[in-house]
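Structure first, then comments.
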Amino acid sequence: MSKKQIKLEAKDVHAYYGDFHALRGINIVMEENTVTAFIGPSGCGKSTFLRLFNRMNDYIDGFKTEGEILLDGDNIYAKSVLVDELRKKVGMVFQKPNPFPKSIFENVVYGLKIQGVSDKATLVEAAEKSLQQAALWNEVKDNLNKSALALSGGQQQRLCIARALAISPSVLLMDEPASALDPISTAKIEELIHQLKEQYTIVIVTHNMQQAGRVSDTTAFFYLGELVEHAKTKTIFTNPKDKRTQDYITGRFG
Amino acid sequence: MSKKQIKLEAKDVHAYYGDFHALRGINIVMEENTVTAFIGPSGCGKSTFLRLFNRMNDYIDGFKTEGEILLDGDNIYAKSVLVDELRKKVGMVFQKPNPFPKSIFENVVYGLKIQGVSDKATLVEAAEKSLQQAALWNEVKDNLNKSALALSGGQQQRLCIARALAISPSVLLMDEPASALDPISTAKIEELIHQLKEQYTIVIVTHNMQQAGRVSDTTAFFYLGELVEHAKTKTIFTNPKDKRTQDYITGRFG
Amino acid sequence: MTRSSINQLKDKAFQFFGVLCMLIGLVFLAALLIDIISRGMSRIDWDFLTSLPSRRASRSGILTAWAGTLWILLLTSIIAFPLGISAGVYLEEYTRKTKLSSFLEINIANLAGVPSIIYGLLGLEIFVRQMGLGSSLLAGALTLSLLILPIVIVTTREALKAVPQSVRQGSYALGATKWQTIWRQVLPASFGGILTGVILALSRAVGEAAPLIVVGALAYVPFVPSSPNDEFTVLPIQIFNWTSRPQAEFLVNAAAAIIMLLFITFLLNGIAVYLRNRQQKKIKW
Amino acid sequence: GGNTKESNGTDSGENVTGSIQIDGSSTVYPVTEAVAEEFRTEAPDVKVTVGVSGTGGGFKKFVRGETDMNNSSRSIKEEEAKQAQEANISFIELPITYDGLTVVVHPENTWATTMTVAELKKIWEPAAQGKITRWNQIRPEWPNQEIHLFGAGVESGTYDYFTEAIVGESHASRGDYTASEDDNVLVQGVSTDKNALGFFGYAYYLENKGKLKAVAIDDQNDANGKGPIMPSVETVKNGTYAPLSRPLFIYVNSKAASRPEVVKFVNFYLDNASELSSEVGYIPLPAEEIKKQKQKFQEFASGLKK
Amino acid sequence: MKLSEKIIESLLWLAAVITILITAGIIWVLLAGSIPFFQEVSVIEFLTEKEWTPLFAQKHFGILPLVAGTFLTTAIAIAVALPIGLTIAVYLNEYAPGSLKRSIKPLLEILATIPTVVYGFFALTVVTPFLQSFIPGLAGFNALSAGIVMGIMIIPMISSLSEDAISSVPKSLREASYGMGSTRLQTAFRVMVPAASSGIIVSVILAISRAVGETMIVAIAAGQQPRLTLNPLVPIETITTYIVQVSLGDVPHGSLEYRTIFAAGIVLFVFTFGLNNLSFWIKKKYQEKYD
């Protein structure tokens, strides 16, 4: 792997839900156009950490964070940062597909519409492009006005990816994007991640070790709010440094 | 493994939730004083099948079953069977610990009380015995009147096991009994299963392959409502006959 | 201005408007309470609580009214609660999704929405006339019982629903019958919730005037009822009576009686809220 | 009740118990309420309830024997008496005080200080319904504003009396006005509405003098006073406040009058009617008249004993 | 099943079935009262006549003035409660910190627990004089202040039920919207409110039904004069007030006048019954959508 530009960086990040100390001093660097997988047992803080990168935790009562999160070298928690602008740069895909109860088309162009784009042609064009990127276009192109809720789970998840791509982010955060899906859909999503990596920096949380192995370049193992180990995926899976990583990988717990 | 008495048997069992065909012709035999593990991907019907053995599905609207389930050679779905009597012979432990919102003592003796036992001494004796069997006695003996909800998750689960043991069943059904627990509690429960096997016939559903490997004598792999393979646990894990079993064991899906 | 800052501005503006709307509600509430307290507080003393009604405002008290209210509360509880809780238990624990059960459900939702004055007409015709109870406490209490029955049923069901299925399953798995499970596990576990609902229903009954007017409870009743067959008056009706008198002093009396009525209502609601919170703290499923 | 001896109402000390149900006129209500209240000290164990159904509403119950006494602001009608007879009920009528029906407007109403009976008729007759809706339709110089009417409900004696006296036919009037058996509602209505015109018993006017203005009434009959005449104790007593002066009554059921607590109550009523009725704003009957009524009732009550 | 179990179940069943008897009782009472009425008064007259003077010598039996009065006060109440209630619901859901939401919701709900006589009293003695100070033509009894006060009373119905509806929209939708860079306002009105629309509509319908059936506020403060008008400044009479008025007069059993209250009652019942069924139906559909 050649040395690339640093895209995301966390410096001594702590996070608290009220009194509960959920993240304990995390330092990590993620490079441009790579896929980083977060793994670790349930409750270790993977999601919490992931959501710091687009400030999705902002509205949670009692949530506090310390330290710095840098996107392209700028602290995204600086006072001057507009959260909605940040989120346009950092897209997110959730564990369970969460399409809006609207048509497929409306889902994809939602992000553009709230930015004030109303020109029909632009919207149509953007919709097609992102649906194609998300490998969904062929399946839905004749039914753009159908309700998104009528799609299968796997299709819905790809729709959510298309929706995120439509506003041209540079980073894509994915929190267990395939855990609610069947094996075939999962394979499609993994394939998609592989393609998207060319243009996007991707961070993916997963419970499925095999999946981490298949899709990611580097893997970070979290345990009880700490980042235990971050290294090339192959290294983590074949030759982990830490005993806890070893135990987790081999299924001693989790 | 020497040839033992047949304890449980299913003959061409089908089950339906309304129109949905959840179990498709299951045949299985389980011997006395063994531990059988049910594994398989989510939704394959493990829980549905397990709950047939104490007719726990009876109250579900639209649930229907066909075929025969035999306990000690008698069909438990025969007209003459009293469900409450059956359940005294076939105990059950659930995925999430579900203690009653009462004291520890009241939890353990509940089964006896509803059978009409009201002699204080008998109850106290029974409570101690089952709590000891469940390896919980030492931790709670001074606090028998404390609310069961104040126990930790692992303790609660052992309490639920003690509660099931108190009415002296001969079969114990366990539906992912450790999946909501931390590694240490999990280890305790596994240890307990090992001990209980001497006196009880145990059926355990689990998602954790390692766990199945550790606790069970035989393992049954379910897929899409079918029983794909049932064999000695070692055989299943090292030398499965079916391609699907192989795929599942190695984490190709699930 | 950029698109984004316009959006931010709109966002802020709405936030301001939201606070304003909340204030409208709260200020109105405060104004109402302050107005009534400032009018009526000085009128409340021992004499006021223990005097019979009189044509002279300054001598008139609310003894008969609050005694009537207590009677009504008592009788209504005795009638409505066993009935409502039983119906709630049946609907939540026993019915399968049959035509009857969904019909019952629609029916109860409807009953809950029937205006209270219609219950008054029902009470007038059935209890006062057909059953010949006259404008008695019993007739009033029966009428109010029917009125709050849907509330009791619905809140009982809510409370039962809040008991996790796992508790029932735990009980069944130990060989308990259905009724044993309900009686020994489900009802005790939902007791707090049921009690909460029941108290809320009572607080509704305390404040009702319209159906009682229809069953004929508006008269000069200068004695404390001593049996369910006596005629009666209750606080809301006494208030209604006094507000429709022209003399200013009676308005003071009305305000004072309102304070007492609000006191009872808030007390009941307070108890309900307290119980609900305690229940939520005590049992975390 | 242990009172077997003939009671004349003044011999207290004996413990009378029982209950008395009274209903009827809202005009008479204040007097009966006052009497009932004072009677509590006289006979604390007698439960007296007083309803306000209006004279007509009260009579309907009275003639079926559902109540013991009826307050009435007019004499019983023939058909009502007939119904009583059919139900085997006999009764006695006792006048207790005088009232002057008062026509009132809002205090800020500067124009309508006097009105003739003819003008009142023009406003209230059935034909006026939906047509006479503005003050200047009555006198052109009055303002061109809506007129809001408040008056007694149709079950009331006041309504019967007023329609009889003004429209010329009992029970005939327009229907588009705020009609209430409860005179207090009418007071409320008129006192908060500048365009209001209403009528009710003198007592209610007196009680609310500050918030209401009475209208002087001209019956255009010089025989009983010249020109417009204001209602007052004087004008009612001397009969010049015509045609809206009237006596008020109580009616007592004969079966009830054989019960000692009722006898005691009625005697007490007559003894105190003058004082209490003037206290609540009515015009007492002359003393001899009261005496005569007591006599009459005593004969009636003792006649029942035989 | 054991016998005792059977007996208990039957008793509980009986309790549940009593609710059907109550409904049947209501319908029977209303019909038994109004069928004789409609034998004397044609339904056509009842529904089309423009005057309601059943108690007078010249009887007119047109329910329209009462319906108009009911409609007027209800419309005013909803005009007050809907914007305020919905705004509060959205505000509490998207903006207010949890602690504020937890304290404001019960505070506002106090508004719904205050007995309605109290509101009537307040409308008559405070709100009307207050409004009269800048609306000169306002009568002492009027639809306006009764409607406003009724509107305030039902704010918590709309705000709480709508808030429940909005917060039962899966959190994932809100996250999706934020994740795309929406502001809270955009999230609220483009995603949450549309997704919760059926619940919100249900809350509004129930509020309307409540306002239609509300009695004491209008009986005390809106007047007792049936008139076919939409002018909120003059005394009017609602269906409920009419029933109270006649009940106060204690019209004797069996007369035509007595039956008018059942005829009026059946109209009221039909209105609220229709509204409640509509809301129930919407709610059912909505639940199916999300489960």
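In order of appearance the chains are A, B, C, D and E, and numbering begins at 1 in each one.
Operating definition for what follows: a residue touches a chain if its C-beta (ideal position, glycine included) is under 8 Å from a C-beta of that chain, and two chains touch if they have at least 3 such contacts.
If you want to know which protein each chain is, UniProt gives these names: A, B = Phosphate ABC transporter ATP-binding protein; C = Phosphate transport system permease protein PstA; E = Phosphate transport system permease protein.
Every value quoted in this text rests on a predicted model; they were computed, and no experiment measured them.
Among the other chains, D has the CA centre that is most remote from the centre of chain A.
Looking at contacts between chains, the pair that accounts for the most C-beta pairs is C-E.
One rotation lays the C-alpha atoms of chain A on chain B, and its angle is 180 degrees to the nearest 5.
Rounded to whole angstrom, the centroid-to-centroid distance between chain A and chain E, based on C-alpha atoms, equals 48 Å. With each centre defined as the average position of its C-alpha atoms, the distance from chain B to chain E rounds to 53 Å.
Rounded to whole angstrom units, the spacing between the C-alpha centres of chain A and chain D is 85.
Residue positions 7-8, 177, 218, 244 of chain C are each in touch with at least two other chains. Those residues of chain A in touch with two or more other chains are numbered 84-85, 114-115.
Residue positions of chain D touching 2 or more other chains: 23, 51-52, 182, 185, 188, 191. For chain A in complex with chain E, the touching residues are 54, 56, 59, 61, 84-88, 91-92, 94, 96, 98-102, 110-111, 114-115, 160, 163-164, 167. Touching chain A in their complex are the following residues of chain E: 97-99, 170, 172-173, 175-183, 186, 190-191, 194-195, 289.
Interface residues of chain A facing chain C in the complex, by the touch rule stated above, are 82, 84-85, 114-116.
Chain D makes touch with chain C in their complex at residues 23, 29-30, 33-34, 36-37, 40, 47-52, 182, 184-185, 187-188, 191, 204, 207-208, 211, 280. In the complex of the two chains, the chain E residues touching chain D come out as 51-53, 55-60, 124, 128-129, 132, 139-141, 223-227, 234-235, 245, 248-252.
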